[in-house]
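Just passing along the structure, written as structure tokens.
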Amino acid sequence: MGADSAHSEESGTRALLCEMLRLFYDKGWVSGTGGGICASLTEGRLLVAPTGVHKERVEPADLFLIDPGTGDVIGSAADAALRPSECTPIFSAIVRAGAGAVVHSHALSAVLAGDAAKGSVLTIESLEMLKGLPEVSNTDVHFVPVIENAEHEPELTSDVERALSEERFSSARAIVVRDHGAYIWGRDIWEAKKHTEVYHFLFEATVARRH
Amino acid sequence: MGADSAHSEESGTRALLCEMLRLFYDKGWVSGTGGGICASLTEGRLLVAPTGVHKERVEPADLFLIDPGTGDVIGSAADAALRPSECTPIFSAIVRAGAGAVVHSHALSAVLAGDAAKGSVLTIESLEMLKGLPEVSNTDVHFVPVIENAEHEPELTSDVERALSEERFSSARAIVVRDHGAYIWGRDIWEAKKHTEVYHFLFEATVARRH
Amino acid sequence: MGADSAHSEESGTRALLCEMLRLFYDKGWVSGTGGGICASLTEGRLLVAPTGVHKERVEPADLFLIDPGTGDVIGSAADAALRPSECTPIFSAIVRAGAGAVVHSHALSAVLAGDAAKGSVLTIESLEMLKGLPEVSNTDVHFVPVIENAEHEPELTSDVERALSEERFSSARAIVVRDHGAYIWGRDIWEAKKHTEVYHFLFEATVARRH
Amino acid sequence: MGADSAHSEESGTRALLCEMLRLFYDKGWVSGTGGGICASLTEGRLLVAPTGVHKERVEPADLFLIDPGTGDVIGSAADAALRPSECTPIFSAIVRAGAGAVVHSHALSAVLAGDAAKGSVLTIESLEMLKGLPEVSNTDVHFVPVIENAEHEPELTSDVERALSEERFSSARAIVVRDHGAYIWGRDIWEAKKHTEVYHFLFEATVARRH
């Protein structure tokens, strides 16, 4: 990829990440400055939203460039007051495991689905919407890992890495964090958006069916 | 109909189908790339949305032209990577039975109404909104067929055809697919939109009244 | 009022009624072509929305001019295929009782509030939002009439008139129609909008508090 | 601050307050003319929304300038028919206690969270969203004061002042008013928006978890 098309890819990705944050805000999934998003560029760097800001107001120049191998900031936001998402170590871990984009949701339905889970597994079945996940059928019993929340987001990283490596969760594209929300990913932004909508439907269905 | 007005009808229908998909996406009825829509043109061909794409982003040139008699593609989408909706055999069956437009909803309320149904019939009564269906009165007991889900959407076709032919379902303009959603239709796009809104209200009321 | 200002009042009212229908559609209160609205002009004629159409698509020229004393159409919609709202006799009765604008809601919360009502009275209390009604305090016990639904909307008119005349309902600005929705009014469109929002809040609170 | 920048700050604040009212209206938190908002300017005066109007329609010139020390109006709205918010004494008390902006919510979730509270305290715990409040951790047990409603809003002022002074509520940025709604504040409009979203999430989670 030449310098021009790399530049064009980066500016398009920055704009699309901001559009996704506005969309997810409208759905109530990143309210109160919570939640976040990242996407990797072809040459490997990761664009990450800033922490502690109103997510629907994030502008393309507000994103950070991160090395997902080390978590180091290799390109700061234009505004020096911004800091990269607290989720950066988790985003990096999920990207190292093969994802191209990760959404961090603070949706109430993710919290309530975590409440409904038995121990460290949320079991989802008998829903056509499962087919929205790669190689998952509506006749499968789908297992989503549920990890405990921690006081500081980076402390979740080792539990996230463990969940990513477990065979029983190999078809999962989400990790629920109890009392907190969920990480949901795909191979690119569009697949991450699809999986984000799919899992929120699955969370809502799980909660509604428990009643 | 001359070539010019046929062309104008087709381009208007393409635009309207895309508008409906955006509307239904905003209502949460076609999220996660799920759901779909089709409408027939005066001379009999069927315009069908593509499968596996974000439905609110479908553009007029993304639609396929289908022969509803055979299900054959007679006009591809401009983008060669697109494939016609998995629902095409079902859409075609419902159009052969007289519909002019069909909506495939992935709404949670349709799934929960299916849960509430006894066996293969969802019974709806005591709701003014029933009058939104042709020749149905608010004093009628309205029967909606509920069919079991299958692993592949085309496998539903024979159950859909059977439901369409049953006398007790003659006033129904919807078929609920358990764990999946619903097919809802009308004589044209506008009536299909009306029936889609009517049935989602009826589904939501059914679910709320069970609590 | 001169001819010019009367003309200006009428065109402004037509536009505002259409804006209100779009707003109420977005809130889910007039879906599936259900629901309606009317407002009287200074010289006494009533502007009424058409029946059986998608309410969020109503245009200013689609409204009918009605004599609320007789219910007669004195000005047709530009489109000859349109007919005035089925609610016209009820709208006229409520206007004769002093209202300047009436909203007919098909909201699910109105139906569920009707379910929650004991017999012919919905009792609402202990809510600050009651103050949104004229001369009602949050310490009042507020009584809203609930009438039974009928097969044809005009058959409701005598029950509506009876409810309007009952002393115990003198502070009510709404009538709930069981299994159907509600009529809500004010002295003009803006007050009717206010009362419509107030009552939908009260309906939702009533339903939520029953759980 | 020179006269020009003070003028610019004031006009920007007026516009932002109106934008926030439109946003909160869309979320259902200030419907039926209920609710309100205020923000203080650098030199100490308080901009306050008018009472009894459709909050999503408030224009910058509709706001009042108040002295929060005395509650006196020191700058009227351009429209002489407007009166300042009934909440002005409460807004002033919360500003005197250190807030820079206050939102008054009429959300149903605030009312239902008040129902869920034991006596005069709403206890919230085990939610990551608690971190959206200054110096609050997700492992804290967070106490929000709940005061009884009164017939006239200014009568709440002494209870508000008492709650603001209680040590156990020192980390709270909200006061719930039973049967009524909530006051939520921050050091400026943006932090007040953040806390408003955070607390509505916490209210909704509290209500959902009780089921």
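Which chain is which? They are A, B, C and D, in the order written, and residues in each are numbered from 1.
One rule holds for everything that comes next: a residue touches a chain if its C-beta (ideal position, glycine included) is under 8 Å from a C-beta of that chain, and two chains touch if they have at least 3 such contacts.
Since this is a predicted model, take the numbers as computed values, not measurements.
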Work out which chains are contact partners of both chain A and chain B.
-> none
Relative to chain C, largest Cα-centroid distance belongs to chain A
When chain A is superposed on chain D by its C-alpha atoms, the rotation angle in degrees, nearest 5 = 90
Interface residue overlap between copies chain C and chain D, same or different (over half shared) | different
Between chain C and chain D, what is the gap in Å from one C-alpha centre to the other?
-> 32
Chain centre separation in whole Å, for chain D relative to chain B (CA means) = 45
Where chain D touches two or more other chains at once, the residues are 211
Indicate which of the five shapes (line, ring, star, complete, other) describes how the chains touch one another.
-> ring
Chain pairs that touch, by label, are A-B, A-D, B-C, C-D
Using the touch definition up top, name the residues of chain D that touch chain C in the complex.
-> 31-34, 54, 106, 108, 111-112, 115, 149, 151, 177, 179-181, 207, 211
Contact set on chain A toward chain B in their complex | 126-129, 132, 137-139, 190, 193-195, 197-198, 200-201, 204-205, 208-209, 211
